[in-house]
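Two complexes, one shared chain (subunit A), two partners (subunit B, subunit C).
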Partner chain A sequence: MENLGSLAVLLALCLSAYAVVGSVVGRVRRNPFLVVSAERAVYSIWALVTVATGVLLYGLLAGDFRLAYVAAHTNRSLPAVYKFAAWWGGQEGSLLLWSWLLATYSAIVIFITPRRFRGMKPFVVMPLMITQCFFLLLNAFVASPFQVLAIGRGITEVPDGNGLNPLLQHWAMVIHPPMLYLGYVGFIVPFAFAIGSLIAKEPGDAWIHVTRRWTLVTWTFQTAGVVLGAGWAYAVLGWGGYWGWDPVENASLLPWITATAFLHSVMMQEKKGMMKVWNMVLISATFFLCIFGTFLTRSGVVSSVHAFAQSPIGTYFVTFLAVGIAATTYLILDRLDYLKSEAQLESVLSRESAFLFNNLILLASCFAVLWGTLFPVISEAVTNEKISVGAPFFNRVNIPIGMALLLLTGIGPLIAWRRSSLESLRRAFLWPAVAGLALAAILLAAGVRHFYALMSFGLCLFVTWTIASEFLKGALAIRARQRMSLPRAMVELTHRNTRRYGGYLVHMGIVLMFVGFTGAAFNQDSTIEVKVGDRFPIGRYQLAITNLSDGDNENYSWNQATVAVYQNGAQIATLDPARRFYKASRQPNAIVSIRRRLNEDLYLNFAGMSNDNQKAVMQVYVFPLVSWIWIGFWVVLLGSVVCLVPSKQRLDYPRTQVLAVKEGYASVEK
Partner chain B sequence: MKTKLKFVALAVLIVGALAWLATGGISETKTYYKTIAELDQLNRTNAALGKRLRVAGDVEPGSIVRKGRDVEFVMKQDALRLKVLYNGVDPLPDTFRDGAQALADGKLDPSGVFQASKIQAKCASKYEAKPVQTAPVNERRQTS
Partner chain C sequence: MRQWRSSLVLFALVAAGLAQTGSTPLTNADVRRVGETLRCMCGCSYTVTSCNMLNCSGAEQARAMLLDLVQKDLSDDQIRAEFVKIHGRVVLTKPPSDGFNLVGWVMPFAAAAAGLAFVFWLIAHLYRRAPATPIGVAVDSDELKRYREQMEKDFSKLD
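Take a look at the complex of A and B:
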């Protein structure tokens, strides 16, 4: 079986090299047969990588412990769903997942790209297949998932595997890595189209229209991946946080930031023909940051709590990144006149300007996060001393950035293109601003002294007000004209221009998430040693330990505490935090117990038994508003889906259109 | 031209403010990576006192003692030992136990005890076996 898998990977590797050469030579020599054969090679690669994946999955599910990967990441008593999830539980498997997703995306691209892009399609296939080639190279020679343990030569039979990391035995961890990977890998498609259009000097902004949905879908996957990761950390890791600015978390955030910047600035190009070079840079940066993120998680170049060891894979990634970035930079510089802007910035008070500053701030945040993440590497190279920066650094820079972005979220969508008069600004923003300031003042009077919290709540109300007024204004106009109820008018309004109102929904979701983040300013925590019968207070609650128990099953043994929660003398809940010890992996694991409410979460972590084994060490936290992060995420998801629904009315924005730059390059095969 | 100038001024203002925040953040939170041997060297000249440090070493088996909210343990590197007192807020990670590789963030006090406010730990050879490691699974388990 494993030979079949290795063979499939090797064949796919050869075919990917062929697809690169075939499509480029075919395009340059104008040989359509060669181009089509390269496209068929892409389909074959998908089939081959699927076979290889199938072989690995069969090994995992059937418990073929001769395979080193299976033995290292599963064991017999592991539930089947986690055996499946072990596909991305380790390095070799997750790199195979990368390859498989890339092959799938490439096949879809070939299948759905309209015929009118025949001219640039081979150049789109090229970057896709170069990347595919790189990952298959890793699958085949550097991190093969099909390595067999040398049973019979010094090693006795392997009766059972090491088991999956217990921290990963959680539903969110089954979904989180594939989501993130769908997002990571997906950004290669807009990137490939950008590169393709640049090489082919395709006229206009065709690549942007073709890839708009791709970008949005992959952005949504990435958002889901990042938030699921945060939700998993909150529910599983037991320290009560959802974001620790760990290098691996940062790695997932970096491409998300540039992708968000790209989603915004691409509108400038669509509607005004501006910022073309900038968009090229952004989409390239997003793609390379995705690769960089994979590199960071997989190479151990910076030490991280995510337990990945040093591995030789780093050098391959660095080479790929260096060559890729150099080639892209050269290409963009070489095609600069093709990327000339069609309009000028006219006023600081304009939507263009809001977009510009949104981009500037997002990029600054991206740079700060990257700088902080790589600081140990940089400082070691420069001063020979390894220095790291902690979470306070990231918070210090990113909290004001978040505030500024929140402000722009309110201003940007309402301000006019080209230039705005002060009068129109006053009309649009007077009441939202008054409301925001009033909220901040009320909270200040109520005793809230945290500066950023006041600012954040004020801005959240400001943005909510602007979004609500947009919906209301539009819906009231429709209601008056078409005599329908207000909710139906709102749906109708959204359906007429899904991009705009879907976008507002996404913004609203982000605002709700900010409400949740701001709650962190009011966290409370306490650590105590308790025995049965003890009572202790936290926040507005009284907790009583009613029982301590332990037990055992084939996968793990456990200690558990039963805690009754009282408020104002009445019992309102029972929580049961536990601590498991997984036998196969010899890993302890806390099972936290959370009482989730909209206003605050009560969070209990069973940290362990005291030395005399008589008392339980309990960590108790109160986290205000944290649920709004997850609610906000669902709103973001809803908004993204709305954006993907085609609008009822096609809206054409008048703009100057550049026709072909050079006649000869515009269309090739006739 | 005037518009352009306004844009540049605003951009410079924003970037400047962020750069100021960033440099402040770095100097406030920067932590020096040291091995126990390097720390020993530094301590001879008293240069280690007051600096924020991150020390790496293995947890000596049997040395972990809970004292109320605090946890005491000994980190070792070859023959060198470092006594660590953890008094941070966060719970110790599940991977923190006898024999684990630990990273302790904190400061050295004049009596030679390392006051840690944050501990990270990873179980030496567990999830990702070192690439050259060819030991059988059963044996690997015991070392993990």
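Take a look at the complex of A and C:
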């Protein structure tokens, strides 16, 4: 079987090289046969990589311990779902997942791209297949998942595998990595179209229209991946945080930030024909940051709890990045004449300016995260001294940036395209600003002294007010005109312009997430040694361990505490944090227990037994408002889906400009 | 016999895994507070307080040392200095703000300021001044106001 897998990868590699050459030569020499054969090679690559993936999955599920990858990442007693998840649990398998997703995306691109893009299509195939070639090269020669265990010349099989890392044995880990990869890999499609349009000298809006949905879907996957990762960290790592500014976490955030900037900036190009160079730079940066993230996870250049084992694979990524960035930069510079702006700013007070500031803030945040992630490496190279850059740095730098972004989330959508007057701004923002300031003042009077918390809550209300008033104004107008109920009018309003109102929903989701982040300013924690039956306080709760138990199954043995939770003397919940010892991997793991509520989470971690083995050591946390992060995520998801639904009314964006002012009124033909 | 021996080894491993002894220092609030400013040196990138790897050699040793230093009534800075003596400044979660490392702190804000300057330059560059009123053509200010209001109204209907 492993020979079949290796053969499929090798054949796919050859075909990807052929697809690169075939598509370019076919297009340059205007040989449609060659172009079509290159496109069919893409389908064949998908079939071959699917076969290779099938072979690996069969090995994982059937427990073929002759394969080194299967032996390293599974064991016999591992539940089937985690055997499947072991596909991306190790370096080799996750690289194969990259290849398979890329092949799938490429095949879909070839299949659904409209015929009118046939001039550009071969040049779109080229970057897709160059990247495919690179990853298949790694699959075939650098990190093959089909290596067998051998003693001398004979293939051998171990009786059982090492098992999957216990931290990865969680439902979120079954979904989080594929989501993240769907995002990482997916950004290559708009990038490929951007490159294709540059090479074909068609840098108009066509590529933007074609890839808008791709970008949005990919962005949604990336968002889901990042938030699921945060949810996993919260529920599994046992320290109660959802974001530790770990280099690998940062690596997943970087392309998300630039993609968010791109999604905003691209509207300038669609509606005004502006920012063409900038959009090229943003989508290229997004793609290369995805590759950079993959490099960070695998090269060992920075230490991370998430990283795969250190390997020489980093050199290949650095080479790919260097060549790719150089080629893209050259192409953009060479085609600058085709990327000239078609319009100019008509007013400083305009949506266009707001987008520029939005992009600035997002990129400032991206730079700060990238800088903080790489600074230990830079500092060591310059000073020869190792230093760490941890959460204090990232929080200090990113919180003010986040506040500015939140402010713009409220301001941007309400400023008119082209020009706004101070009077219209006053009309739009007076009451939201008053409400935001009033809330901050009330919280201050109530004893909240955390500056950023006050600011954040005030801004959250400000943005919520602006979004709600936009929905309400539109819905009331529709209700008055069409005599329907307000909720139905809101649905109708959203359906009429899904991009706009879906976007508002996404903004609302982000606001809810900020509410959740702000709650961290009021976290409480305590670590306590306690006997069975003793009560201990945290926040508004009294807790008591009622029982300590242990047990054993094929996969792990466990030790569990049963904790009764009391509030005002009455028992309100029972939590059961545990510790497990996984037999195959010989690794212990904590299983936290959380009582989730909208106002706060009560979070228990059973940290072990005291030195005299008489008392349980419990880490107890109260996390206010943290649930709003996950609720916000669902709202973001809903908004993204709404954006993808076609609007009821077809929206045209004529690029009109004021050319002159006519005396008197112009007559309008009806 | 062999099976019995493996069971014994497994039992010993389970016991070692479950009988954790090093997390007790965390019951001390000072240990938790100072531990948040020190990095766990096991390679996990979390802090001494937040590293939750069971039986983590780095975190447990550091917590025990922290408790010892806290009980000796050392100040937070003195405790951190003790850790720096052993591990170097890599143990601090916050990068030092001296020498070249100052660049680390300044750079994000400098970049944001440069970006801001660039955006202002871009706006100035892209900004097209309104066409000047032709000489000799007097535009009635009320008329112009009406016209602008009409424009405002029309533009507000656009997405």
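We take it that the second predicted complex is superposed on the first by the 645 of 670 C-alpha atoms of A that agree within 3 Å, B and C clash if a C-alpha of one lies under 4 Å from a C-alpha of the other, contacts with A are read in each partner's own complex, and residues count from 1 in each chain.
What we mean here is this: contacts are C-beta pairs under 8 Å (C-beta built on N, C-alpha and C of every residue); 3 or more make two chains touch, one makes a residue touch a chain.
Bear in mind the structure is a predicted one, so any value in this text is a computation, not a measurement.
Peer 1: Taking subunit A as the common reference, can subunit B and subunit C both be placed on it without clashing, or not? Answer clash or fit.
Peer 2: Aligned through their shared chain, the two binders clash on subunit A.
Peer 1: Could you tell me if A:Gly90 is touching subunit B, subunit C, both of them or neither one (first, second, both, neither)?
Peer 2: first
Peer 1: So in the superposed three-chain picture, is A:Pro247 touching just subunit B, just subunit C, both, or none of them (first/second/both/neither)?
Peer 2: second
Peer 1: Figure out whether A:Arg335 sits in contact with subunit B (first) or subunit C (second), or with both, or with neither.
Peer 2: In the superposed model, A:Arg335 contacts neither subunit B nor subunit C.
Peer 1: Check whether A:Asn613 is in contact with subunit B, with subunit C, with both or with neither, and answer first, second, both or neither.
Peer 2: A:Asn613 sits against subunit C, while subunit B stays out of touch.
Peer 1: Based on the superposed arrangement, let me know which partner A:Arg213 touches: subunit B (first), subunit C (second), both, or neither?
Peer 2: A:Arg213 contacts neither subunit B nor subunit C.
Peer 1: Have a look at where A:Gly161 lands relative to subunit B and subunit C in the superposition and call it first, second, both or neither.
Peer 2: In the superposed model, A:Gly161 contacts subunit B only, not subunit C.
Peer 1: Looking at the overlay, what does A:Lys386 touch: subunit B (first), subunit C (second), both, or neither?
Peer 2: Touch status of A:Lys386: both partners.
Peer 1: So, does A:Met274 touch the first partner subunit B, the second partner subunit C, both, or neither?
Peer 2: Only subunit C is touched by A:Met274; subunit B is not.
Peer 1: After lining up the shared chain so the two structures overlap, which partner does A:Ser557 touch, if you call subunit B first and subunit C second: first, second, both or neither?
Peer 2: In the superposition, A:Ser557 contacts subunit C only.
Peer 1: After the overlay on chain A, which stretch of subunit C ends up in the same space as subunit B: 2-10, 92-100 or 146-154?
Peer 2: 92-100
Peer 1: Residue overlap on subunit A between the subunit B contact set and the subunit C contact set?
Peer 2: Dual-contact residues (subunit A): 238-240, 303, 305, 345-348, 353, 356-357, 360, 364, 368, 371-372, 375-376, 385-393, 397, 401, 525, 527, 529, 586, 588-590, 605, 607-608, 610-611, 617, 619.
Peer 1: Spell out the part of subunit C that touches subunit A in their complex, as residue ranges.
Peer 2: Listed in rising order, the residues of subunit C that touch subunit A are 10, 13-14, 17-21, 23-24, 26-27, 32, 37, 39, 43-47, 49-52, 54-55, 88-96, 99-101, 104-105, 107-109, 111-112, 115-116, 118-119, 122-123, 126-128, 130-131, 133, 137, 139, 143-144, 147-148, 151-152, 155-156, 158-159.
Peer 1: If you look only at subunit A, which of its residues touch subunit C in the complex?
Peer 2: 237-241, 244, 246-247, 274, 303-305, 341, 344-348, 352-353, 356-357, 360, 363-364, 367-368, 371-372, 375-376, 379, 382-383, 385-393, 397, 401, 416-419, 421, 424, 497, 499-500, 525, 527-529, 550, 557, 559, 579, 581, 583, 586, 588-590, 605, 607-611, 613, 617, 619, 651, 653, 658-661, 663-664
Peer 1: Mind listing the subunit B positions that touch subunit A in their complex?
Peer 2: 3-4, 6-7, 10-11, 14-15, 17-18, 21-22, 24-26, 28-33, 54, 65-66, 68-69, 89-95, 97, 103, 105, 120, 122-123, 125-131, 134, 136-138, 140-141, 144
Peer 1: Please name which positions on subunit A make contact with subunit B in the complex.
Peer 2: 65, 71-72, 90-91, 149-150, 154-156, 158, 161-162, 165-167, 238-240, 303, 305, 307-312, 345-348, 353, 356-357, 360-361, 364, 368, 371-372, 375-376, 385-394, 396-397, 400-401, 404, 525, 527, 529, 585-590, 605, 607-608, 610-611, 617, 619
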